[in-house]
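Chains here go by letter, A, B and C, matching the order in which they are written, and residues are numbered from 1 within each.
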């Protein structure tokens, strides 16, 4: 990819109106098509430019805050890598060495952390009905403080996974599909199965399946959501998926049979998640520190999972897909049977064959995050990419 | 603020002789007037330049170390934001994953951390008679190691709050007063009340009130220190306040009546702190790990606090101030009655009215820290600001 | 050191063929002479350039990952300082907030952390037969992921101390010897004693003595390894030391008498380490969480140490060395008798005399690490140094 070609592509991006400047990126299904298209194409641009050795530095100093309310390796790293590429230093707010909490203090702390900050990346996915709410509280405080002149600017909040959506994952997955199938138009009519899968752990968030179905239905795909009874997802992202399927000429269907779902599929995304009622109950019990009831809940939930151990992505299951060769996707880490657990989401041989593919899938995430930062921080983000292409500075040996 | 105007202001700064090059910034009351004036004006310059979008990068690589011996969100972030703006990477020394301690190891560790370091920011405010001593030990080791050729240079130690002073807070507060009243000369003759206030917690440091009275008396203000009997501050900063009041033509008086103090006040700063004897006893008991005695001490201290619950900044108290409209100041977080506690330092309605003001007050801190780094690292710091103004590089889209 | 002279020295470096591009730096004794010579000379170049105030920034964005599987202050800081000087941001992977482990997950995590990464620095020195193995696993995963197009490039793994070697320490020690004796040729024929010394703690790694004898025998020194029976080192680095001694015209001998070793020595390096069998047993017991047996093992090991308390670097011992003035070396922190422990590796007066020297010894480490990053990331690393010299940008006031 030459700087000249990158410049042409940056110029072409000017046709989009992402309308994200000084805004947040919280739920992808609330974003207009141009915002989604811009993040997708800008992420691709940044990825190609990085592979071509270009420096992507857009900031000469400044801070990217991160708040992780759950353990994280991949997303934490992807966020830091994105900030670093753009020239921002990352500052992680550790709740154990600070005093962030809900309510009054969220508002104040957000203001205190916003002075010289470009972006606040938040992961808060464990407690149903909480994560998205927390992010909107932080955003509201930043908005107020910026409006009243207490901050240098209005930092953007970027959702690094909440209880409703995981937009950086779903958009990275979209970039991967685009590469594998040779462009977004090629996705039209392809059958993608977002399927529940069995796991020996419980309490996995619902945000990945919700994010996948509410994003990929925008591209004319035939999206099938499969799960056993009792593993229903939240209403709002499903309603969005239905609306998008209609608008895009694709489809969104649901089934309680993994085999039926896999039949003729072009893409399968088998992944465990918890029943919504378990997540809600768990939130309540964790708050009340009801240890005994939590143990009982875990036992119940695991017993429920165990009744569906046949929801495993085996060779047999894969053989049902188109030519037996559907693309296997996963956000990682997967529960691989007889490797990371006795019996889990996917058979070892299926996963091993797809393993490098899942790494390539994950490799888009830093660039998706970088594209979100670009889109929220610059009034004319395409012009900024054009500037980088023309500057043509090397990242290594700069 | 145009680069041209910024250049003029940088040139005007050359009249000051801060004499801080290759030195530390530990206690503001030990600094000559020019050092205080330089930090104040350079902080204002950096803040205005940042708002104008200028890049403030002065370093092309290098490290700013931080050592926090107490929980911190605001000051930690402010330090990192300052380092980031100037082009330094922050490296926090976590005592739980390293082995820093008092005595021999302080000397050695300071040397080990000084090789490529520009500045060491330290917060050590919990133990009376300890924090300032620790900072001087670190500084002495850096001085020796630099002098003997073991380091690239002599890193500066910057006090991010000790047992005696909180200079980055007090100087940020000064910047705020300057903005609110329209310049430092306008502070002359204004009545500022640094008042103790009630709190349901105990063991709050004395450094904020000590820092406030020993700084603001330099500007011709009528500074009143108010607290119940038993909440006396340390002698040294009070002696400095008296001396400064005389020199500046202001006054420094003390009272044990909050109402008397508030009468006709232009500025009120109601904030809790612990009695010095409690802090000393606590230091001793914490060292001896005497858990039972610590609990008894806490109970005693809280009972003592509880006898003064009327030391609350209520609407009634505020009505005593000049036109009932004194500026309310706080270093945050405040104990807000019926919000963050049942009954605390300030009534909810008073705090809510002042809330955004306290955010603006806090917004100066990163720039005060940056000004201290500038003043301690450059032989001619005004020339460095002039260079930034003439370079006129944008921070965003650089 | 003028930019002109630095440019000449960079040009002279082009004669070496380090052959480290896109490779790892794990065990110094597996590296060809040119790789060792390059790291030594490039470290010296970078150190001199830094002292001359030159900016060493080679990267315009990018990440240096660090993984510390043991407490660390010095090496952690040295790694971050090196990354910062070169323009990389450091991202520390904390195993308590992520989920890195051996086996399947190492492979996957390494891939996930490699996307935009230049270098992965790892310290894993506690468990015998583990650390080096872990580093090779990480390197293999990065190699595979890079080869299959999942990464932007092939990040280098740099050994920040494993169970076999501590190359950044040994190479920093080499830089120190070079400075003290006036060049590497001057080391020829000098007697260096790597001696065990007594300590009240147990479980110290073997990597420092192994690294020292397997590196310094390359330079024609008469290297003596001294320790009581029962404190034998691993075979592989000793075999390398014997081979290097033969090739370089130096010698490598072993003794169980500290006095005999110190007689006529030019350099002494008295430092405690654990018997290999204790480290192996400890690894096993720690894995099985056998607390009682661990306590028994510690008691045994300390009792064994206590039988050799006369292995202390006293004034009397030092008087045996050449003119009573051998250079004292230590990787720090040392167990100083009557200072950091009752009776340890070195007498207080001996250590105090050498103290600043040990700081200067340690000061080379950031530059050794920076040289390793340079050598592994650039196809023509000498040309990159030449570019820095010609650019002649100041680090401060850049």
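Points to keep in mind about this one:
Keep this in mind: contacts are C-beta pairs under 8 Å (C-beta built on N, C-alpha and C of every residue); 3 or more make two chains touch, one makes a residue touch a chain.
Since the model is a prediction, treat every value here as computed from it, not as a measurement.
Here the chain-to-chain distance from subunit A to subunit C, counted in touching steps, is 1. On superposing C-alpha atoms, the copy subunit B sits rotated by 120° relative to subunit C, to the nearest 5.
The two sequence copies subunit A and subunit B touch through a face in which the numbers common to both fall below half of the numbers used overall.
Put simply, the C-alpha centre of subunit A and that of subunit B have 40 angstrom between them. Shown for subunit A are the residues in touch with two or more other chains, namely 57, 87, 89.
Interface of subunit B with subunit C (complex): residues 57-63, 65, 87-89, 91, 93, 97-100, 104-105, 108-109, 111-113, 115-118, 144-145, 148-152, 377-378, 384, 387.
Listing the residues of subunit C that touch subunit B in their complex gives 50-51, 55-57, 68, 71-74, 76-78, 80-81, 83-87, 89-90, 332-333, 336, 339-340, 356, 359-360, 362-363, 365-366, 393-398.
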